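Here's a structure for you.
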Amino acid sequence: MNIIRAARAVLHVTDLEKSKAFYEALGFVETYADDHAVYYRGLEEHVHHSLVLKKKRRPAVECISFKVMSEEDLDHLADLYERAGFSVIWIEKGKEMGMGRTLRVQDLSGLPIEFFAEMESKERLLQRYDLYKGAKVQRIDHFNCQVTDVKQVAHFFQETLGFKCSEYTVDDSENLWAIWLHRKPNVHDIAIMNGKGPRLHHIGFWVKDAMNIIDACDILAALGYGDQIERGPGRHGLSNAFFLYLRDPDGHRIELYNGDYLTSDPDFKPIRWHLNDSMRQTFWGHAAPDSWFEEASEVLDVKTGKKIPLQEPKLQQKKPEFMI
Amino acid sequence: MNIIRAARAVLHVTDLEKSKAFYEALGFVETYADDHAVYYRGLEEHVHHSLVLKKKRRPAVECISFKVMSEEDLDHLADLYERAGFSVIWIEKGKEMGMGRTLRVQDLSGLPIEFFAEMESKERLLQRYDLYKGAKVQRIDHFNCQVTDVKQVAHFFQETLGFKCSEYTVDDSENLWAIWLHRKPNVHDIAIMNGKGPRLHHIGFWVKDAMNIIDACDILAALGYGDQIERGPGRHGLSNAFFLYLRDPDGHRIELYNGDYLTSDPDFKPIRWHLNDSMRQTFWGHAAPDSWFEEASEVLDVKTGKKIPLQEPKLQQKKPEFMI
Amino acid sequence: MNIIRAARAVLHVTDLEKSKAFYEALGFVETYADDHAVYYRGLEEHVHHSLVLKKKRRPAVECISFKVMSEEDLDHLADLYERAGFSVIWIEKGKEMGMGRTLRVQDLSGLPIEFFAEMESKERLLQRYDLYKGAKVQRIDHFNCQVTDVKQVAHFFQETLGFKCSEYTVDDSENLWAIWLHRKPNVHDIAIMNGKGPRLHHIGFWVKDAMNIIDACDILAALGYGDQIERGPGRHGLSNAFFLYLRDPDGHRIELYNGDYLTSDPDFKPIRWHLNDSMRQTFWGHAAPDSWFEEASEVLDVKTGKKIPLQEPKLQQKKPEFMI
Amino acid sequence: MNIIRAARAVLHVTDLEKSKAFYEALGFVETYADDHAVYYRGLEEHVHHSLVLKKKRRPAVECISFKVMSEEDLDHLADLYERAGFSVIWIEKGKEMGMGRTLRVQDLSGLPIEFFAEMESKERLLQRYDLYKGAKVQRIDHFNCQVTDVKQVAHFFQETLGFKCSEYTVDDSENLWAIWLHRKPNVHDIAIMNGKGPRLHHIGFWVKDAMNIIDACDILAALGYGDQIERGPGRHGLSNAFFLYLRDPDGHRIELYNGDYLTSDPDFKPIRWHLNDSMRQTFWGHAAPDSWFEEASEVLDVKTGKKIPLQEPKLQQKKPEFMI
């Protein structure tokens, strides 16, 4: 199972024009748009898209998606999920715009996860600096999900899917409260946090440097999006990244992210944080707002397209002590 | 009365070693220190100091100080204040380290204000980049004071002392709630805000750019000063400056400040803000913490050295509506 | 004579469309344009323009211009120049777009210098971050001129016009080779260098920070303007500014400039550099290209509109030794 | 053969004190030093070192070194090189400070290449921002080598060692002139250029952002190292990285490097540049100095420790046309 990296997300939004205005302000490049959907890529991306917005009646997450090395990897993944008793569907090449054959599964956490090996190529605009604007989003970096049983989900991602842990968080009783897991060698392709779930907490996009995030705040505020800056800018203790959290017009959360580190060494020792360490979330000690812990995007059933019912998390502590 | 600029502050601190550790972390250059006091200058400053910390039993502000063009200006200022019925004292040259003759007055607001024309020269370290550290503080920029009658104090600074207004804030009834006044042609040498007074709200120091403020947050947090970051980093709506507010070990507030604009033109029209405009304080819409409005440094009587009693402000609204 | 600051330049260009493409790439804001001329201002400027390009058959400098405090200052300046035997002309209010009454003189160096007190107001776009692009030019900062007799011209600007010296350069024989003179309290409103003259060497525009200059290089290169980057980016030893020199389509030289210092103190001691000090021009030791010393824009007679003939400079050394 | 990444270099230097002053100015962290050698790591590195300087009579490169996944990978590599007829030596664990068992081979190009799986752990200082100084070097990124037959060497690295190509350069006759090869998924762990060889052209170290490189120039110049800035700062066309090239006191070349891109996708198409494209080296069009093409560090025989004789390259063109 050679999973390469977090690769795309498909979000449902209720007002495509409003959403487009927001994501264009962030500097996403539009690959294609019609009345029903829009396909975005970052300036560095050589592929058709990393973010799809589909116009629907209710906001939701259709899937989060990982790129794998080959078509054979897809077949192996399908076998593996089916043998483990999970729902699996195939979408034939071309049915989803720009996509080869894709596999979708309902994960043991209830998250709708997609895998694919092939996506159409598009012109990479990395050196078209004249087209840079907003936050100058470079590429998708990671997903962060809230699930009810972090330990169980983390075990599956590590033991079955081959993800590696870079950092993790424990509560007072040494329970695993959150974990950062990667396939590409930076801090994460997916983070899993204890919370009402299954939900997508945010999608992280890589930006060039910290100043691009400061500039993005100024530009977003000038455009009237100040209310949609939810948290930051700041430095994460966990991951060391410089960050900004935004809420799109439907409340989907986007993180602008830069400055984590290389995790390629097999002898790199995962970094342990305590949930109540005030430098864990924001290295400078700033508390996150309640909304950051409480609100997240609901996800859909890969077969029925209906919302997956939410359940309460196994671990009782829902946010750091200094915030309660 | 040719007042040039905000030039120095004299603060009383209770633990000189703790204070020194903090200000050195910010990158101030020590000109002189002994067991009773320490004298700091910024990297750009060609004079003996812009900040004095004196070890005393209680934290307080001994004076805030403006540089004037000549000794004659001092005599004129003394006349003017005396004729207007204010307390005036002279300190002979050399009695205050590095200083020529200085004049101190108790302002109509009760603030202890100092004027001087002469200060000893010191090596300017602007291009000693090898000595830059912390926030790389360049120079003193301004004072911000809380007074009980903004309109009255502003009138005196403008009409009698020749300060000019760059920006101002009004409340719902169009009362002047705060005002930014300058002699050097940037946004301010002194700001005056409605509040329990007289108090010094903060001293603003100029830094090179926004990234120096981000770097300062990382460095301060690494040194264990995270709790002393009170507000920011962020962009002010009013003044357009990028800012960070810190509290020193005695609670004195320091602002790191960069990026306002040139105000030299006589036809520049002061910019009007409404107190309840959420972009006024932080252009990105972030609210300031309550402490930022409520806490400030008490000031001393220039003659007796005793604390000036605090009085309630004339205008009832003490902070923006969205914060109440 | 209360001169406030360097305020505008009027350049002749041969291909208005080509010039507009270039200056718009730099982020200038167009106040007005027609087939004959275009008027630009920086994002911080509250006035009609700071740069005028007029379409003409040959590239030249029509004038460099200083803003003064009042109409009376203009009358005093006219008297002063006429008494000293210089050519003086008046242009009535409104004849030059956006301008009040203006005075033009042919300086003792032969430079066409303009003074005015009144310019039409325009919306200041400082906080319209959504409109920032290219180098995000904020405002005009200074002129740099080549003249044949630096000592004589410097004397006139200092003694008669009230400019102050911040820094200067001497050659091996202690002759004044170049001088930086200011009215607003940063390093300069005008610099005067030894060289074939009279010529305008460059116009300096203030940008927000060093990263804006790096970004400008990337953007200009992406747009095909790489050949027009003549020198830099780098740090000046003299002035301490971070800089980039560009040549516009007619060869007029523009400097992007940030990061000098406050020069308001009357006891600030001008900084002396030796011409052959390799850190003077570029603090990092990089040599300027020959073109930077040899090429500059020719200037026009304020009365006839004809080119002022060039003369050889009094001091023989035309560039630093390490470049010869 | 699971090679992970470029991991360390061992350089011979003639004056350890002079070298230490230089590398400390760059912000390297000293893990260990005595009279014979010094071991440096970057702020992000969790291992003993990435750069070793050994005091010797003549400057040279003892080896460039790659980390592999396991001890078995070392055995496979030894087999492979021996079967192909190359010199191979083993160094037992602990003989080289901080190192497990290491394998050294004389490559077909003549380069002394080392492989190892184990290195002692050391405290990672990534979040000790209070210790950041100079260029704030984060970690080793890549080697760049000059060889006489690029095509042959590139073939071996790709086909036998499993490196992948991100970008490459061809001359007028479509000969492969240079190639960028990676194991970790950014632009390169090793670049191979046509030139007199075998020589190590430079070692690239990762820094946090472009501003850190600008700051490094200021700091190095303030410390008197201006002459050792050989090229840059600038933006590479090839790789898109922001760069600075420095020469250490023995002439070994160090690159500060930031801002390339993710190359993990199997369908990423290598980017082709023509040698004479003026944007290839420096996106802004600046030419590199002759020294950059002509000078490089000589390398040693892994068995005898003697210098490997230099040979002329197969391709005649030694630098881009616009530089000749």
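Chains: A, B, C and D, in written order; residue numbering restarts at 1 for each.
Keep this in mind: a contact is a pair of C-beta atoms (placed from the backbone, for glycine too) under 8 Å apart; a residue touches a chain by one contact, two chains touch by 3 or more.
Note that this is a predicted model, so its numbers are computed, not measured.
Student: Return the chain pair with more inter-chain C-beta contacts, choosing between A-B and A-D.
Tutor: Result: the pair with more contacts is A-D.
Student: Among the chains, which has its CA centre at the largest distance from subunit D's?
Tutor: B
Student: At the subunit B/subunit D interface, shared numbers over all numbers used: above half (same) or below half (different)?
Tutor: Counting shared over all numbers used gives more than one half: same.
Student: What is the distance in Å between the mean C-alpha positions of subunit A and subunit D?
Tutor: Spacing between the chain centres: roughly 34 Å.
Student: Just curious, how far off is subunit D from subunit B if you go by their C-alpha centres, in Å?
Tutor: That pair's centroid distance is 50 Å.
Student: Using the average of all C-alpha atoms in each chain as its centre, how far is it in Å between subunit A and subunit B?
Tutor: 44
Student: Residues touching two or more other chains, restricted to subunit A: which are they?
Tutor: Expected reply: 127, 210-211, 218, 221, 283.
Student: Would you pull the subunit B residues touching subunit C in the complex into a rising list?
Tutor: Per the touch definition, subunit B meets subunit C at residues 4-5, 44, 46-47, 67, 69-70, 118-119, 121, 126-127, 138-139, 184-185, 208-211, 237, 240, 259, 261-262, 264-269, 283.
Student: Using the touch definition from the top, list the residues of subunit C that touch subunit A in their complex.
Tutor: Residue positions touching the partner: 25, 127-133, 211, 215, 218-219, 221-223.
Student: Which positions of subunit C touch subunit D when the two form their complex?
Tutor: 210-211, 214, 217-218, 220-221, 226-227, 229, 233-235, 242, 278-279, 283-286
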